[in-house]
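Next up is a structure, given as structure tokens.
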Amino acid sequence: MKHFPAVEVIRQEMVAPDCYRLHLFAPEISASAKPGQFLHIRITPGLEPLLRRPFSVHAADRQKGEVAVLYRVVGRGTRLLAEKKKGETLDVMGPLGRGFTLPAPGQKAALVAGGIGIAPLFFLLQTLAGLKNSVHVLLGARVAKELLLIREIGAYKPSLMVATDDGSRGRRGPVTELLRELLAERKADRVYACGPTAMLKTVAALLQKHGVDGELSLEERMGCGVGACLSCVCKTSSKDGTSFAYRRVCLEGPVFPARDVIW
Amino acid sequence: MKHFPAVEVIRQEMVAPDCYRLHLFAPEISASAKPGQFLHIRITPGLEPLLRRPFSVHAADRQKGEVAVLYRVVGRGTRLLAEKKKGETLDVMGPLGRGFTLPAPGQKAALVAGGIGIAPLFFLLQTLAGLKNSVHVLLGARVAKELLLIREIGAYKPSLMVATDDGSRGRRGPVTELLRELLAERKADRVYACGPTAMLKTVAALLQKHGVDGELSLEERMGCGVGACLSCVCKTSSKDGTSFAYRRVCLEGPVFPARDVIW
Amino acid sequence: MNKPNLTVDIAGLRLKNPVLTASGTFGFGSEYAPFVDLNRLGGIVVKGLTLEPRLGNPPPRMVETPAGILNSIGLQNPGVDCFLAEHLPFLRQFATPVIANIAGNSLQEYVAVAEKLTGASGIAALEVNISCPNVKRGGLQFGADPSAAAQVTRAVKKATTLPVIVKLSPNVTSIGEVARAVAEAGADALSLINTLAGMTIDIRRRRPALGNITGGLSGPAIRPVAVRAVWEVYQAVKLPIIGMGGIVCAADALEFIMAGARAVAVGTANFLNPGATMEILSGIERFLEENEIGDINELVGIAHE
Amino acid sequence: MNKPNLTVDIAGLRLKNPVLTASGTFGFGSEYAPFVDLNRLGGIVVKGLTLEPRLGNPPPRMVETPAGILNSIGLQNPGVDCFLAEHLPFLRQFATPVIANIAGNSLQEYVAVAEKLTGASGIAALEVNISCPNVKRGGLQFGADPSAAAQVTRAVKKATTLPVIVKLSPNVTSIGEVARAVAEAGADALSLINTLAGMTIDIRRRRPALGNITGGLSGPAIRPVAVRAVWEVYQAVKLPIIGMGGIVCAADALEFIMAGARAVAVGTANFLNPGATMEILSGIERFLEENEIGDINELVGIAHE
């Protein structure tokens, strides 16, 4: 069973302007979730908004039976979610979808996060901490105060590089510039990226250019979240090589091999 | 202007099981409301429920600029209303509609309330307290614990009689039995009634039988509350004597002369 | 930047802004006068008028549905003569065009009502309701069939010198086809949509909830249907369109305008918020300013490009 | 009291209860298997099948509307052969009838798909989709016209020995007329309604929000339209009806049943609540018990009495 109609809110905290982290008590989810998978949350029992909202699993504490999601308030659903308080319950489906493929032993991993894209990558970082791979984290945002969770990322001691659009912290420019250099210097064997579409597109192009493997966490409007409604599709290369196929972000994704995505 | 988009809740109290009294800070309404008029309240800024809900003005404190409504939780809207807390605001239109006609000097008034029907009659009682008319209050409910506001009614020192369906307090049977006796003893010159449809129908029949004037506060599903949509109509005798006419409860009512209503 | 232009021309009628009231939801104007500055409205469309007074349908006449309401008023109105004598004089005080919505049991009745209104001073246009789902006759039987719709249009056009706006029903297989027929018959403008036919059942009583059994669905629930209808009619005919159906805020109104409506009408939203028309009007103005658009007309149908 | 009877007969098919899944909202069953006991469903109606695989429409394919959603999937499906080879075997494990929803670009295609499914073991009935608003051909062009609808019905009836359920569109002037035509052509049952044609516009981009411009509206918003359609078709023809459109709880399902539906299908509600079908089923059972009704069939069409 992956449907929990009454998951308890343990706490909710604002981590940056308009950015919240919600901790839920969900031992089954916590025990089985893999980095890159997501939760499909019904924010209200009413009809406003009607649909569930998907959020990546951002962290899991198996001891305590907790999972967290990290999200930005962008509309009605996330605004309502931000009002949830300790002790209230949410209707949660999950973990859903296909997560990241962990690097092979010895592979150097690079995690590229744009803005709220750090959400699933943080969980990946947590998981990689148990392995021996070397890990780069490239973190981008528009301005310094929107760089999320720097201290907490630091705790895992990756090689951390930062970029902001306005140069208010770290490199000035898009985070993909950091990746470009990393790849040029052959410091990454496997790349994981999550962020705005334009960023992911650049990442995919860089990976192709350097012949490096990587995975992208995509977003699309979702209905069911389980593969039944075919609304969340993205364009991917088709298996038989002809034309293309629409694949479901909720079931065949949200994580896709970068080279499969057609932009 | 009779539209106040942000009326502050002063306090809300439960006065009986599922029965609440809501106090609002609304000086203009308080200053102008007449007994029998109503407020049209938008309980949520969202679309669930979509329409406003009408509630009679139950009390007004002009000194403090407060008005109160007394209501029973019967569905979605009233359930949400019961959750409103001090300091929250509500979008209120009012006072709306045509209220009760006060008795002429010397007339003996009888107020007949079934259940939550005491809501507007309490405000009438408050108002009559300033006049010299003798006042009977006939209060009915299914069981003793649903008899509303007995103590507060008592404070105005009317002649108070009580009936319950199960006889758990006062006379056993419908409150209209009390009215039947009162009218037979010619103790009322003018009758005011509010309550379930069946009760109002009996009141109207008794009034006709005894040739006594009276007014009834009616309820119908409302849209606009201001006379524009024609959804809240009740069947009344037509002015030209032929056939009948549908009159708007919100504008020509909610208070109608008992003899005008066609059942 | 200068204030953006909000003036729109509909059927030879100049409106100071594109925000009208929808027929049947704003009475004869006076009901909402304590809540809305009638002078600021782009136009007032009054409740549907018939030749004789009509009693309307038995209550209950309204029931809430998810994000919508069903109504079955059934064209209760005091008749066109009473309207002219008792209600129009009030409306003449305002610098806002009054559009009379008319209905009839027969072609002859439409014509008779149109003639009476044409003589009167203070009527700016006629809106011909051939789409009311709540009356046995005088409504949808004319609107459901392109050739009947054209017939009514021709007859009313002949009977009046006023601009004729024909109000279309969404309860048809092809609203574009009805629009074309009505356009060819000489309509000056179109308004759409009227309510969708619907009903609910009270499962406790095991009976239809409305006294009239079926009713017309309006409100936000039907907005996507209405936007698509405007989109389709915009492609089908060249006539100006007054769009309506579930508009509650400026963003909703802009959807209709971008889909091809030159003006919009606000119906059910008045019940939720008597200030809806005013908020929509100022919201449209703000949108134009923020996006540096000098003239509302630039947005009409822009989503087709 | 004994447990009330929930068994219903549709088109010669005995269903253990009246709660089905609506085509396109429940995939091929396996997707929801982790959430729903497929054995407890009255029936499973699978995603629309065509002769060849279909890519479907470009995204975005879904957008939320007030109390509803618009979708423009466009019949993406792997084709009937792949369904038979890869998906049907999974469904055969369950003691629940599988109803195959079929569509086509042409009469021939409907016939070819029907023939392929008729041979297969584990298909209990065909639901003929002549009402999809999201494809250029193979959908509504057959459902909008009574005689075209009758033609498809006759052709499929001839091609199969399976019970034939025809799925009707609400986007027509008279759904009763289409129902009569389809009934005369030999349909064994009817299902209604498919989605209402609709669209929304993204006012920031000034473009339609859906990749396909228009889509189909489903969910609670359309429920009153669906209930009325069932009501009308129940009066028009004697065939059993599967009712759907915005059902999210048992009370909603009971509305359809009282309006004349012998079974109901749950669509959009699955997305909100994967347990919706199960809750609706137990809610219906509870209603029967509380009201001491021994057989669900007693309630079918009771609101007409």
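A, B, C and D label the chains in the order they appear, each numbered from 1.
The rule is short, and it goes like this: a residue touches a chain if its C-beta (ideal position, glycine included) is under 8 Å from a C-beta of that chain, and two chains touch if they have at least 3 such contacts.
Just so it is clear, the model here is predicted, and its values are computed rather than measured.
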*List every chain that touches both chain B and chain D.*
A, C
*Give the label of the chain whose average Cα location is farthest from that of chain B.*
A
*When the C-alpha atoms of chain B and chain C are each averaged to a single point, how far apart are the two points in Å?*
36
*CA centroid of chain A to CA centroid of chain B, Å*: 57
*So, what's the distance in Å between the C-alpha centres of chain C and chain A?*
48
*Send over the residues of chain B in touch with two or more other chains.*
47-48
*Touching two or more other chains, which residues of chain C qualify?*
66-68, 219-220
*What does chain B use to touch chain A in their complex?*
46-48
_Interface residues, chain B side, partner chain C - complex_ = 1-3, 5, 42, 47-52, 91, 93, 220-235, 243-246, 251
_chain D-facing residues of chain C, complex_ = 65-68, 70, 144-145, 171-174, 196-201, 203, 206-208, 213-215, 217, 219-225, 227-228, 231, 246, 251, 254-255, 258-259, 287, 299, 302-303
_Can you tell me which positions in chain D touch chain A when the two form their complex?_
24-27, 31-32, 34-35, 47, 55-56, 58-64, 66-69, 71, 73, 76, 219-220, 268, 270-275
